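Shared chain: chain A. Partners: chain B in the first complex, chain C in the second.
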Partner chain A sequence: MARMKFLCDVERCIDCSGCVVACKEGNQIPVGVNRRRVITLNQGQAGEKSISVSCMHCADAPCIAVCPVDAIYQREDGVVLVSKKTCIGCGYCFMACPFGAPQFPKGAAFGARGAMDKCTFCAGGPEETFSQEEKKLYGQNRIAEGKPPLCAAMCATKALLAGDADVVADVYRERVFARGSGVNAWGWDKAYNKK
Partner chain B sequence: MQRLILPGAVLSAVLAASFVIGANAAGADLLVNFAQGSSADYYKDLIAFITGDWQQFGRLFTELQGQVFWKVFLAVITIVPLAFFLHYLVIGAMEFSHDGEQVLFFPLFARIIHLIAAISFGLLALTGLMVILGKFLGGGTLVRTARYIHIGAAIVFACDAPLMFLMWVKDMLPAVYDIKWLFILGGYLSKQKKPVPAGKYNAGQKMWFWGATVGGGVMAYTGYVIWNMGASLDTVRLYVIVHNALGAGLVAFFLTHLYMSLFAIKGSLNSMITGYKPKSEVDILHSRYKY
Partner chain C sequence: MTNSLNDIRHAKSMIFIGSNAPEAHPVAMQHVLHAKEKNNAPLIVVDPRRTKLAAKATDYIRIRPGTDAAFMMGLINAVITNGWEDKEFIRTRVAGYQEMAAVAVHYTPEVVEDITGIPAAEVTRIARILAENRPTSLTWCMGGTQHHIGSSITRSFCILQLVLGNMGVSGGGTNIFRGHDNVQGATDMCVLSDNLPAYYGLSDGAWKHWCRVWDVDYEYIKGRFPSKDWMNKKGFTLARWYEGVLQEEKIHQDTPIKAMIQWGCGSNSNSQYFKLKKAYDMLDLLVIVDPFPSMAAVMSDKDNAYILPATSQYETSGSVTSTSRQIQWRNKVVDPIYDSKDDYTIMAELVKRFGFADEFYKNIKEIPEDITRELGRGSLTIGYNGPTPERIKKHMENWHTFDIETLRANGGPCDGDYYGMPWPCWTDEHPGTPILYDISKSVAEGGLPFRNRFGNERTYESSGRTEDQLAAPGVFNPGSEVEGGYPEFKDVVPGTNWKTDLSQETLKVAIKRGMAPFGNARARCVVWDFPDKVPIHREPLHSPRPDLVEKYPTYKDKENHFRVDTRYESEQNPELYKKFPYVLTTGRMVEHMGGGAETRSNKYLAELQPEMYAEINPRLANNLGIRADEMIWIESPEGGKIKVKAFLTERVDDKTIFLPYHFGGMFMGESLLDKYPKGHEPYVIGEPGNICTNYGYDIITQIQATKDGLCNISRA
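Moving on to the complex of A and B:
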């Protein structure tokens, strides 16, 4: 079975935040929650770079390991999903995640975190596929419709790639080859005057 | 009474101020001074910006939380009661006549403070266990409610614990004979009723006191930061580790305290209801106490 992966090409990302808006609008995400965000380093300086980050749907995901109520699970295609009905909002997944993906809307009592919300790879959730409940809790299920996730589908520069890992890797390999190999190799920019 | 409330209020104010400062520091701008080198440098900075030093703290947290803590808690709530059950079968409860002269041990104020602590701490221990062992309860509304109760009970306990600390700290300072008490484990391993070296409170009660008040303070502060993520993520990770490790210890102590008061010394629970202990019991279990 195909393994779903995200890849953000930092040489192409222009910090337009279209992916963030597409995800937020298309999935009707709660206020205060961003499943995806664009981070820019060295803004306004030479070497400025941007990257779009969300849940990476890790192999051996740390969030699954630490969840005290086993609310997070991984599908066969690698997509990591959360059951919002099981989640208690303890926040441990956020502390375990190397990418800061899990997000928490305000909960019901004592200002405590509500059930965790994160990128679903636009694959819905544990509820019945295409049901109203699935849409309300988790957003669209575009994978079941045979479409790529909203963020990657709308990315204007096609910096953000999503889908079958082998295909994504092939696209990226061709790009890197076209740009010239060694462009990012350590020390080349200083030693050989190559940028 | 007023003498006790004022320092309690000051302590609460200092804690509250440190919480606010901690919360503000978390919002500081971290997006400055990134290296301008290769992609490898860029990703290193990026990851540190998003989630701190994952290799050091995130990994440690993931391994402990995923593999260790729930097993430790499960061991504590099975092995400790089992050990006491065996103690009860083999050695049995201590019995003292409750008919004779009575000694006032706990004035009304102490009993009220203790009652509030008992209820709130009992709820904290129970709901904390429900969260950490939530996978056996299936999560959802039940465990989520337990988590809300955990936060509510923590607020009550955090107000009560400073008063309990001030009320008992003088009697709970260590004494030389406490070492002797520890060596004979308070005489609980023998059926004989020989006078045990202890003042108003024995070494076990003293350890429990320091654990519940100072340890409880650490639990309250780390718990507060975990609740609002009011610090850098690495700090929050460390606080969860401290909170859970200390929590396991406190639950073990709490179970011990329950066993002692409910089973090990017959009728000793009455002293926390009426305030009086029988003289016959005090002369043996608190032989150095001058009432």
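Moving on to the complex of A and C:
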């Protein structure tokens, strides 16, 4: 069975936030909750790079390991989901996650906890597929419709890839091969005195 | 755009100057990155800011704002000095080359370094990259045009491509990315004050041509004007309309402007925006047609404004033209919501009340199809006659049959057509012209030579040399009856030419003979009716370099420039920089659009970019005692001032301040939030960057100079 993965190609990501807006608009996410965000390093300096980050749907997900009420689970295709009806909003998953993926509704001074929200890979949630309840709690279930997640589908430069990890890896491998030759090859500038 | 977005995939190198595509044209970037990855094409980015596009560049060159022409002439000189020019292309298809080269020779790498700040060695190195990686796709945007010498700067880009022989080839071309949805269409319909649709100008012949198309009596149209001579005079431009109200400078019109309609116009994209405030207050009537209340809607202190709620593009349908000259059909997704009406309905209601609906709608019964039909029938200059509504819709329904690399349909109902029938599409059987001036294909298959527009022969003032303006023998499209240059077609139908023959017989005859209706000529480097016949550098009106103002001064003042006297010489004070020491430039951010009325009213976009700011180099900020995120005042020499947050970043150098121009709803430190209609306030308001942009207008087009002004800054 395929294992679902995201891959953000930093040579392609142009920091346009199209993925962020597609996710929010398509899933009706409240302002302040960011299932996905674009992080830029070295902004305005040589070597500036941007990467779109969300829940990475880890194979051995630390959030699942630490959840005290077993609200987080992994589907057979690798998508990690949370049951909002079980979640107590304690924030252990937030501490465990290396990517800052778990989101909590905004509250007062100390950050009121509510049920955790995060990227669903546009695969809905534990409620009945295509039900109103699923849509209300988790947003669209595009995977069940046979469609890719909104963010990757929207990406103008195809920096953000989503789907079967084998297929994603093939696409990325081809790009990396193309980039590793000619003027883009490591050492080309020194070898041919191009700079 | 001579080529298309898709065709950039074939470039062997790319140079972007005054263009920041990831912010302004994110969707186009897929083709740019494709060429970079697949062809190993160097991506050269020339910009005062280290932009998001610079982050993707192989070579980033920081340039001083307003010095693009000097850099281009320097590249041209370096190409010629090193013998890298395309000699055969120049010999056969270019005019005025020697006269141009005689001017370019001044721009040695050292001179270019002094003017632009680009190291001399870099000028030669970039020229070499372009010479060794042909064809080059060259892109510029508003960073190239919005200067008082914008018309010279853009010409210098074109001349570079001619010298390198990069015109009329796949992967080459001058590819100006248009800034908004359907801007190419708006341009083609000449929503301008000096032209009738399709670049026909304002001559009597132009009026008579369009009267025939509209099926309206010429005498009737003439009767609508106070006297005939007003029909041939240019009007005010968007950049300077407010002078028509304020009359701070002498205007050439019988009365000041009293009423104004702003239809889909973000008024805060006007430079010296604080002056518009006075003009809005003085208008008798202001009508705003927009899906959202724009900045103009809250500017006036007088009760003189009406807002007509227009629909978004999703609530209407019709033809639109993309940056690649492709005509597409847009289908309605939902019926107009709330009280909004689509543009056609608003226009119809206006026309009815003005009392000329019978004339206006003579050929237009089915909306919008008949509009596309009528404008196509008249727009022969640019070959809009081929794409009928039926053909456009057929393309939309079959777009999966078009090839992403060539844009050509491979089989299916559109077999052989290029997607969107890029204009000129001469007849209803023509496939469209995907690459302009490409002589490798027959005219019937989408090829073209350069247009014969400026006579058949010319004697140059600077050299006294006389040159044939038609292409050299041996230069022709396959199948052409004449195997060399030829003039434009006329009198095929007596008394008409290819532009005015509504029977389209001339176009058909030309194509049957394998020839271009507009002739086969050379591209000219010398424009004898411009003040600078060959592009040269002139210092920005407000320059930080008094020594260069002396060497490269601006033009003489220009009287009656689009109905208003315009200052050049008398405005260029070399001492100005002492009080206003920092260069001010503006640009876009990807999250917001134009004046921002729409995007600042979208909660997710507002969340991503919630606040107006000024980019300041950390070194400059430290020298001035400004800390990150502190509020600062920015002041223009004209008296505009804004209070904004300091965003410390090395995107800009320590002499330059950058402002995004999408914010509105604040005015010189005051919030205008309570002036919006209740419930229609944008989520985000901020100071318009254009309050601080300076005086300065292009000598030909009058486009505003927003990219190279001066300012002062201080802690608030």
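Simple rule for what comes next: the second predicted complex is superposed on the first by the 174 of 195 C-alpha atoms of A that agree within 3 Å, B and C clash if a C-alpha of one lies under 4 Å from a C-alpha of the other, contacts with A are read in each partner's own complex, and residues count from 1 in each chain.
We take it that contacts are C-beta pairs under 8 Å (C-beta built on N, C-alpha and C of every residue); 3 or more make two chains touch, one makes a residue touch a chain.
Worth saying up front: this structure is predicted, and the values here are computed from it rather than measured.
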Combined model on chain A: chain C and chain B, fit or clash: fit
Touched partner set for A:10, first chain B, second chain C, both or neither: first
Which superposed partner A:178 touches (first chain B, second chain C, both, neither): second
Touched partner set for A:58, first chain B, second chain C, both or neither: neither
Partner chain(s) touched by A:153 [first = chain B, second = chain C, both, neither]: neither
Touched partner set for A:66, first chain B, second chain C, both or neither: first
First, second, both or neither for A:49, with chain B first and chain C second: both
Winner by number of chain A residues touched, once chain B and chain C are compared: B
Degrees between the directions from chain A toward chain B and toward chain C, using C-alpha centres, nearest 10: 130
Which superposed partner A:25 touches (first chain B, second chain C, both, neither): second
Least Cα gap, in Å, left between chain B and chain C after the two complexes are fitted on chain A: 10
Doubly contacted chain A residues - partners chain C and chain B: 43, 45-46, 49, 184
Touch list for chain A against partner chain B, complex: 10, 39-43, 45-47, 49, 51, 53, 62, 65-71, 83, 85-92, 94-100, 107-112, 184-186, 189
Interfacial residue positions of chain A with respect to chain C in the complex: 11-12, 14-18, 20-21, 24-25, 31-32, 43-46, 48-50, 156-158, 175, 178-179, 181-184, 194
Chain C - residues contacting chain A, complex: 22-23, 26-27, 29-30, 33, 36-38, 40-42, 50, 52, 54-56, 58, 60, 129, 590-591, 603-605, 607-608, 649-652
Complex contacts: residues of chain B adjacent to chain A: 31, 34, 36, 38-40, 42, 45-47, 49-51, 54, 58, 61-62, 65-67, 70, 131-135, 137-140, 143-144, 146-148, 151-152, 226-229, 233, 236-237, 240
